[in-house]
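Next come two complexes, and both contain subunit A; in the first it sits with subunit B, in the second with subunit C.
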Partner chain A sequence: MKKYSREWSVAAAFGLLMLSLLIVAPHFFQWQPLLSRVTSQMPAMVVALGVAMVIISRQIDISIGAQFSMCAVIAGLVAASGLPLGVAILAAIAAGALMGALNGLLVAYLGLPSIVVTLATMVTWQEALRLWQQGRLLNLPEGIQWFGQSQESGQAIVIGATALLLILLAWVMKNIAAGRAIYAVGSDAEAARLAGINPQRTTFGVFVSMGVLAALAAVMNLVQSPQIQPSCGDGMELKAIAAAVVGGIAIRGGRGTLWGVLPGLFLLANVNPALTHFHQPPYWEKAIQGLVIILAVVADGWNQKKQSNNG
Partner chain B sequence: MSQPTNQPKWTALLAKHETVLLAVILVEILLFQNLGRNFLAESNVSNIFRHSVEIGLLALVMTPVILTGGIDLSLGSMMGLCAVVFGLLVKQYDVSPWLAAVAAISLGAFGGMGNAFLITRMNLPPLIVTLGTFSLFRGLAEALTKGSEAYSGFPQGFLNLGNANVLGLPAQLWVFFLVTLLVWLLVHRTVWGRSLQAIGFAPQGARYAGISVERNTGMAYILAGAIAGLAAVILVARLGEARANVGIGYELLAITAVVLGGTSIFGGSGSISGTLLGYVAIAILNNGLSRITAHQIFDQPVSSVARELSGMLTGLLLLLALAAGVLLKSLATRRARRQSLVTTTNPTPST
Partner chain C sequence: MSDVEKLLELSEIKKSFGAVRALKGVSFELKAGEVHALLGENGAGKSTLIKVITGAHAPDSGTLTVAGQAVAALTPSKAQEWGIACIYQQPALFPDLSVSENIGLRLKKSAAFAKVDWGKQREVAAKLLERIGAEISPDAEVASLSMPEQQLVEIACALGSGARIVIMDEPTASLTQKEQHLLYAVVRDLRDSGVGVVYISHRLEEIFALADRVTVLRDGESVGTHPVGSLTEAQMIQLMVGREVSAIYPPAESAPGDVVLEMQSVSCAASGIADVSLTVRAGEILGMAGLVGAGRTELARILFGITPASSGSIRLEGKTISIGNPQDAIAQGIAYVPEDRRKHGVILDLPIAHNITMAIHRRIFPQHFLLKQAEQNLAVEMIRDLGIKAFGPEAPGGSLSGGNQQKVSVARWLATKPRLLILDEPTQGVDVGAKSEIHKIIRRLAKDGLAVLMISSDLPEVLGMSDRVAVMRGGRLVAMVDGKKAEAASIMAAALGHSHSDSEKGQEGTR
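Moving on to the complex of A and B:
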């Protein structure tokens, strides 16, 4: 299992954290609160899957938090106007796909660096949303929360849907031509082009998928509470990128498996609860998140150096 | 220097870019003079610069970083960390504000050194390194202030740096002039500045030409960090308060000013004068919108949503400037190719 050593070591770190929590704070594992905590991480998981694909294609997208907020508000407004939930979900997906397509257009077809493009679209969507909603809380009608089901089945739907997405996307990335093309473009776009892949179309497709996944994540977030905040996606981009990078997605593209995102996210998501349960102040969360990103990237760099020295 | 034949054409193109920017600034001034109150009043003109000089400082030092083909997303967070440490030193340890300012600038340089080490010695991509430190520096600032604490009550002599006039101009503007001169000299009149353009143009080529790519690139990040510390001190002097959320989003404004000013986001070409014009265009946009009282957007008077509106417009402006840069460049290469075709098909001039 040398091939997946990174994924396994992250999973082991997560297991170690859980084990120490089991000893220090066994009440961390009460079933209902645990289930709620897992459910509340599912939207971030879906976003992280998308950004993992973006990073594998050697791009980055930091507008995903803003896309998430925008999709959540659009879905919320459609639902609040009395239309059925299905229409709200479709509206969110359409909005996400459009925002992703704009990023994809600028990055793939104009050849602009994705970091600056998505920095600009991030601010544009964020401020447009603030201008439009003025930070108002949006009340959702009855029958939206947990898809109109009981809390248990609602949680089951959210977790099940995320698991399904993970399995599906990981399978596509491993076995389908479109998925392999993402790896190929991320490793070497010119070689991919010579091999008959259209790198521009692949990159464009990755950004559109990212938008759609952000929309799906926003819907999964929407159904978890009776209200929706226009700032619900703030900071989501860092969390998702950190989860992907910690989970072994190489920041220079072309390497990594979507399965690694799962332990990556769970390790990061439990930093804050762990701090509380070890009776430490919670203000350190952002600093630890930044440190973990840097450590993961440094580890990547070391690995690469070792490989190139051996080869 | 590397391509003497192209020299006049490139300067002509740059000059053109800067004329376009000047025209944009003029249009902004005319627009806001007609729509807003007292836009060109003397007090407001100095206000425009008093309230945005920090963005100008970041833009100045972001220019050499982008010239090398890199980027520094951590500068805004660095301001937050430096501001908090400055406040902590003055209020809790009774350090004199001027000494604490030196400490804040050194801390900025030290943080920049961290970025430089990871980017040049560990050979990691600048974007992800500074994304990490973006989170780390802001997180440290939040941790030091326990999320909400703010330091205020600084001595008046220090607050004058942010609020008083010296020789009829805002005090901090003189600092800005000094830094502008320094950065201009460094970028356009030293070997270091020339080497940055070479590195951004072709890092391998620069290495073969005997340029120390690591050290020269690293210097750009250290300079950026130090000036971010200075910007934090000036911002604290103006606000009279040091808290962890100082400088959020400033890195974007700085990048926008640089790109708007015609510096290529891929590195290799650009100028400090362009960056200055880009900064002035953004500063006027921010201030002008807050003075429009008669118009409404989404049922809100424009002046009350000026912050959101100018944020959104800044984002759009950056996208437009980027797209225009790429399109202009492809036009220029096409023209150059056509000209070279003409010269090769007609090797002997008819005269």
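Moving on to the complex of A and C:
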């Protein structure tokens, strides 16, 4: 039986898009704008890695955009108060971990459905932010942007850190007991429990990791501009979930690898710039992204049917 | 009796699921105005036969005649049109709707946008409930009704739809004695009005009280239809179990050693286990027989810490232990291969190697890092030792046949190096070849000194494999028999709660 890997078909689709751009619009590949575009996708990439783990454990977290905003504002305020960037980062991580722990507590230990829990926490954090910040733009002090380095080094740090996270997490999912447990729980929580795995602890851990990753993503976003908006994470949840699903993470849990998230996100994120370079109206972006997601899900369904026929 | 109308006639019905032949050419008939009991062990083919009659399963071959007309390609909705209604043990009602809504939904196939006539719906429901003597308000929400009340609602539905053939699948299993008598009255009433009733029950006295004829199924074959009056209880039991235990079972090769497991007056209020005491020795296979729902799986779940015992003591190799969750059980050297491997045994998405090491994460991930080579070696070794037919350790669990999945499930637990191995229906739904391989594996494990507790509804398997046989009924241990002296009839009698066997030691005061 040939092993089915959506990662590669998505990567191929992305490669095809890049190839056609190379032919039709070679100026797409100018170094500086390309670097900026890639850097600007890194926060979404980090969030998508987290949500991929959540989905593999057969849960969902739609509060990640709100978590992202909250962490960004907290880090920004700490930095604006004159404390060093390191403290701001730690504050963001603590906030993210706490928000993730709350989701995890409600989902894993009270057994509430994650879609409802994270919908509730999403609205709560969003509205709390609105009340607290009144939509104010927050100006960041000098020395925060690009970690106080030149733009190019800053971009290198963001991309490098994201790459490191991807490699680390993908390795953990494969080679650490906790990662194996996430797949087991997502495939069949009862079977995992009978095998001596603690599904509650696993689920809780996944949500906490999600919060921490949202915080790291918020920091990577923070350093890219001189000011931040309290609504900077709005829509991030859909972007991340879409990237994970297109990248081959099965929405019913238990399947997929974090590596797939990379081509998944890049494919979706480059629809807009590609349209511009093909001289097409950009209004098509969402429709095309929607189509890609549907294709991905249909491919999954079709493949699963084929497999169950064989088995 | 040839002038009586034949409502239903099945002839030479065959049905297989994969390699399992559930029905091997069963013939059955039902006349108007009779109660026809269907009797057989678990897995004899009763449920499959019912599902063929209700159109849920299409038979592979054979003919089905309803009211004198041959019916091809019966579907559940066609069966309803033909006047066939089935009342399952677990009523299939909509719990959030009222009684009259449930009855209304069942009776009328109206157009999707037709307006519901609430007044009439309520009136019809009230009349039907009155007719069967049920004191249930048509406006009551079904979720608020007790199980027997829900069954009465089901019967009302069947009556209201003008069913002439009513199938009842163990309708009294969850009823009190008073409710049973109410139900008997309803059944007799149905019969007297010319309805044919197919009645399935494990309670022999019920069959004597209600049925006119009885058909006994065994291993997917009908072993005869008799007027109830012409048989004694003992004869019925003999018909159910009466087969030669073939010599395909591997013989015991070693004498049992020291006591490994000792349970003393173990009870669990939550799962209905009461006062179970037993021992299992090293190298011994203790077979556990009983009907479905007798508490065997519940007992296993106590030992594995899924539903911990509420009283009594459990000793392992002489040491009193408490088992609060599966992790405890695994740490103590208890392994449990659950029933229904597709659901909770093998994870179909994951590779065989991952499945095998799932219960030994502490060992295969020391200091939290995967010992990839150790995992591979273990998987390869298990695949070879247990004869698992697979492309390799990386093949997903879902790519294997049922028997091989079961072997993977066993492998996972052997990897924990247990002292006590609990097997729950180890060969259910497995083809004959794989079955005998699994039997050999079990025997070999016992020979290597493992204490084995084998739960099985397959009576020949229990008789063929066990050094001793324990029988459970109603959450209690009702008999303990030496494997060599065990006879199918006496075990069945104990499981049914029929007192013809002197090996029975338990007491139950329900009748």
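Methods note: the second predicted complex is superposed on the first by the 308 of 311 C-alpha atoms of A that agree within 3 Å, B and C clash if a C-alpha of one lies under 4 Å from a C-alpha of the other, contacts with A are read in each partner's own complex, and residues count from 1 in each chain.
The working rule: a residue touches a chain if its C-beta (ideal position, glycine included) is under 8 Å from a C-beta of that chain, and two chains touch if they have at least 3 such contacts.
It should be emphasised that the depicted structure is a prediction, and the values quoted were computed from it without experimental measurement.
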Is A:R130 in contact with subunit B, with subunit C, with both, or with neither (first, second, both, neither)? first
Give one of first, second, both or neither to describe whether A:Y283 is in contact with subunit B, with subunit C, with both, or with none. first
Mind working out whether A:A192 is in touch with subunit B, subunit C, both or neither, as first, second, both or neither? second
In the superposed arrangement, does A:R255 touch subunit B (first), subunit C (second), both or neither? second
State whether A:A181 touches subunit B only (first), subunit C only (second), both chains, or neither. second
Contacts for A:I60 in the overlay, against subunit B (first) and subunit C (second): which applies, first, second, both or neither? first
Chosen between subunit B and subunit C, the partner touching more subunit A residues is B
Have a look at where A:G301 lands relative to subunit B and subunit C in the superposition and call it first, second, both or neither. first
Both subunit B and subunit C contact which residues of subunit A? none
Please give the residue numbers of subunit C that touch subunit A in the complex, ascending. 304, 306, 326-327, 329-330, 336, 338, 343-350, 354, 358-359, 361-362, 364-365, 368-370, 372, 391, 395, 398-399, 412
Could you pull out which subunit B residues touch subunit A in their complex? 71, 73, 118, 122-125, 127-129, 131-140, 142-143, 145-147, 249, 252, 255-256, 259, 265-266, 297-298, 300, 305, 308-309, 311-312, 314-316, 318-319, 322-323, 326-327
Residue ranges of subunit A touching subunit C (in the complex, touch as defined): 1, 174-178, 180-181, 183-184, 187-188, 190-198, 254-255, 307-308, 310-311
Mind pulling up the subunit A residues that touch subunit B in the complex? 60, 62, 106, 110-113, 115-117, 119-124, 126-128, 130-132, 134, 238, 241-242, 245, 251-252, 281, 283-291, 293-294, 297-298, 300-301, 305
